[in-house]
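Each chain carries a letter (A, B, C and D) given by its place in the written order, and its residues are counted from 1.
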């Protein structure tokens, strides 16, 4: 009997003639049916990005067998590549503080299967959202952060991330800055939601800034976390209309919808292995 | 000396294992560098659609040479295929009546090169827009249509379309219905802009209908023309907000912007060979 | 000590010279400070709609006192009018079947105060969403509907609506049709979310229809329920982009976000007394 | 015989109880029918803004008569007020450099009456767009600007603005910075289109910046010109989706549509006297 579920192959390498042909040729030779395939060669950086979803038609597919055959091609083009079994759900660690709109939205999509992931842990520096986690039967870890215990707290976070074997860390309005050490340990694997349309309104109180400046649209930005605060590669952005009648609280209320939706979209793209870091930007292969 | 401009290959055939590999393999063997490549296999119809943009690296590229080599692959998979030289601009015949917003927008984009096409002729059943055509130095043909001369008028249209060797016919608010004969002669090559968000508000006075029904969004739909009025495959749709204060005239004024933009986008997609008819739907490979 | 919270006055009457002056004059004479005021005179129906939010500055405000003074003006212009104390939260009965995305969204906004309402009861023809209701501490009533018990079930619904003194009934993907009798009992007070951009795709399976027709945008419509199915006055509409790669399930997944947001917006407008029925349309005073 | 066309009254004054009543009372006493009326009291600045459109019902309306009666009310509340006869079209001076997309769009809307204005002059520091102006029969003034002649050029601009009795100056991609002197002479009467979503990407090359930063939406901002470059009060903003495949030129091409539409909307709002400067923000009464 044959496997009939999908695998996803991602490839990053220097751009060259023949990559698509080599990859597609190999998959076809193995009788893998290509369901989806997208690629992009960035003329600025000379880097090639590819994502292919395929279904094996033969009996004996394993990641090991695949690798054994694919390694020659990978070496030839200098590929950084991965193959993912779509039956194995990515493990997503969620970090929050007190705001619950993004967490509520992610848990809803998790519960209904709209986001195909498991959530080994929710971590917070406050206790407020423990009940919400508990109702969804997700373990909740309280890791308070104070000026005094910052290093210890971060060590504890790292421990939880490792113990839960997190593939992805999502900062769903987590109001603490992560250390460069932690950021460096999960490159391209920590997603943050910033409550403004970056690069406008960096910093802590964007809705107040938006109100002060009188902008006519407010937005949210989902981006990878890097050591450089609010400057990580952007994954997704959304905006909504605003007007002069709105107070900072009104803007924040609209912003909550925009933040939730933008973060959910970015997480979904990541879970489907569609997002690639390309210097300070992303390539999103739809 | 080598060619350094792009060619576009489009392929439609029954879906099967190995198509991408065969096409990419052939292009690579010929030292064609693949700039862009997108494909889609429709699980409902079992049809495969592909669009590839490539740059030849060798001296002697010609469409004939390409065909000679590619024919074996095309036969194997039963392909309907075309290769387009992007230096040769598509010839677009524009048909209008009295409304000028779409024509003005198309001519502007034509003049600035945003739409890469030539316009061999503008045809109208009225004289109103002759001046606009003339300022853009495009030949204007007046073909009046009356209940009595309908067949003769259509014959004249057909003649102009043929004489101008039109690759594409764009109905930019042309207020006459084309005969099934003319539609059948240019399948997937006549684009119409309908001033509503189809399938809502078919028929002649959609803004009055939208006003009567009190909708909160109005839209426009660019679609291929088939013998079945307002039911051709949809290429692009856009909407804009409306509210209770707006009269049918106000809705029409907003609608003019939406229509112009929607039609321009559809024409651009078509000029770049991104749109494929798939039964009563389209596949748009971006 | 004076009241410092807001009241909302709504007025509907035949259009005439002097209405705004009379209302504003009365409010000012009573030392009520006008925070917001919007009105609209529909030239088609000759009907005038007004919404004013004001803060009493004097000690003794009561709805009775207000009425005593305002009655003369109301009689003069033939007004249908109401004054609402914004401290008293509207009572909203929610009806659902098995889909939970709209309910989850409404309950989240209820819990966080984004929707200022109380929910005396959630009614469903299935048991599936009892747990969700219970977690939010909202009474859940199971009223199964079968071809045989339709009249009895509807009588039970009516009873629950009356017992819970519902100001508003929200059909959050309730998959049964209400009888004309029930509709007639709550004119302009039952809101339904239809999962398409009306008037396109009326009926039961709009995402399948949208897929079949190949539309490039999908939408949702919040409207008042009348005896005429899917033809009630439209309150709010939203759309999201779709493309050829999406299955009916994919469209439905996107649709869930659009439905939730559209319904939440419509309910918020209603809770703020901004929506007026105007024949088969609505006037929404923002 | 009575006048049957509309007048627009705008009022700005310190917020207080009774303003709406006083204005509406006066209009009613004079038998003016109020078609539209919107107001906003800014709680932050304590300033009240009002716009009313009305139709006189009596024989002898004149701005002088109106003023004679209205002055007492205006004095009582400390009003800055204006009344505009909608038959008299505002005079709009347009300034451009070499980019023609905004000018083309404005002239099209001018020609079709979608923007109700006269254009006494188009001024440019280049000759490129003289033909476009000429085809629309609008006088074109060439005022070259060099580092050496900056003061003389500005004096010439001022002269043209005065001679043409401009009510409004529109910078439709005019690539020179106006002196504080000229800005100060037309406060709230010079509109610029900035080709980014301010406050992100101030400065001269926003599409290159947007490309470098990898944003997923690009935008345009129409704002009043003040001495503080790109910091004037924002009137309107629009965005459009972007992705990783787009070069700076591609972003600019999309941007041209966004800029044209955003500027046209801002000019329309201004022509209808809906925009008020409120410190560093605007109030837009729709």
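Points worth noting:
Keep in mind that, in the parts below, a residue touches a chain if its C-beta (ideal position, glycine included) is under 8 Å from a C-beta of that chain, and two chains touch if they have at least 3 such contacts.
Quantities reported herein were computed from a predicted structural model and do not represent experimental measurements.
Distance from the centre of subunit B peaks at C, each centre being the average of the chain's Cα atoms.
Matched by residue number, over half of the contacts between the chains of A-D recur in the interface of B-C, chosen from A-B, A-C or B-C.
Centre to centre, using the average C-alpha position, subunit C and subunit D are separated by 37 Å.
Between subunit B and subunit C, the centres computed from C-alpha atoms are 42 Å apart. Shown for subunit A are the residues that touch two or more other chains, namely 245. Those residues of subunit A whose C-beta lies close enough to touch subunit C in the complex are 36, 100-101, 104, 108, 112, 114, 135, 245, 253, 256-257, 261.
Listing the residues of subunit D that touch subunit A in their complex gives 40, 42-43, 197-201, 212-217, 219, 233-239, 243-245, 247, 278, 280-284. Those residues of subunit B that touch subunit A in the shared complex are 17-18, 20-22, 24-25, 27-29, 31-35, 37-39, 41, 57.
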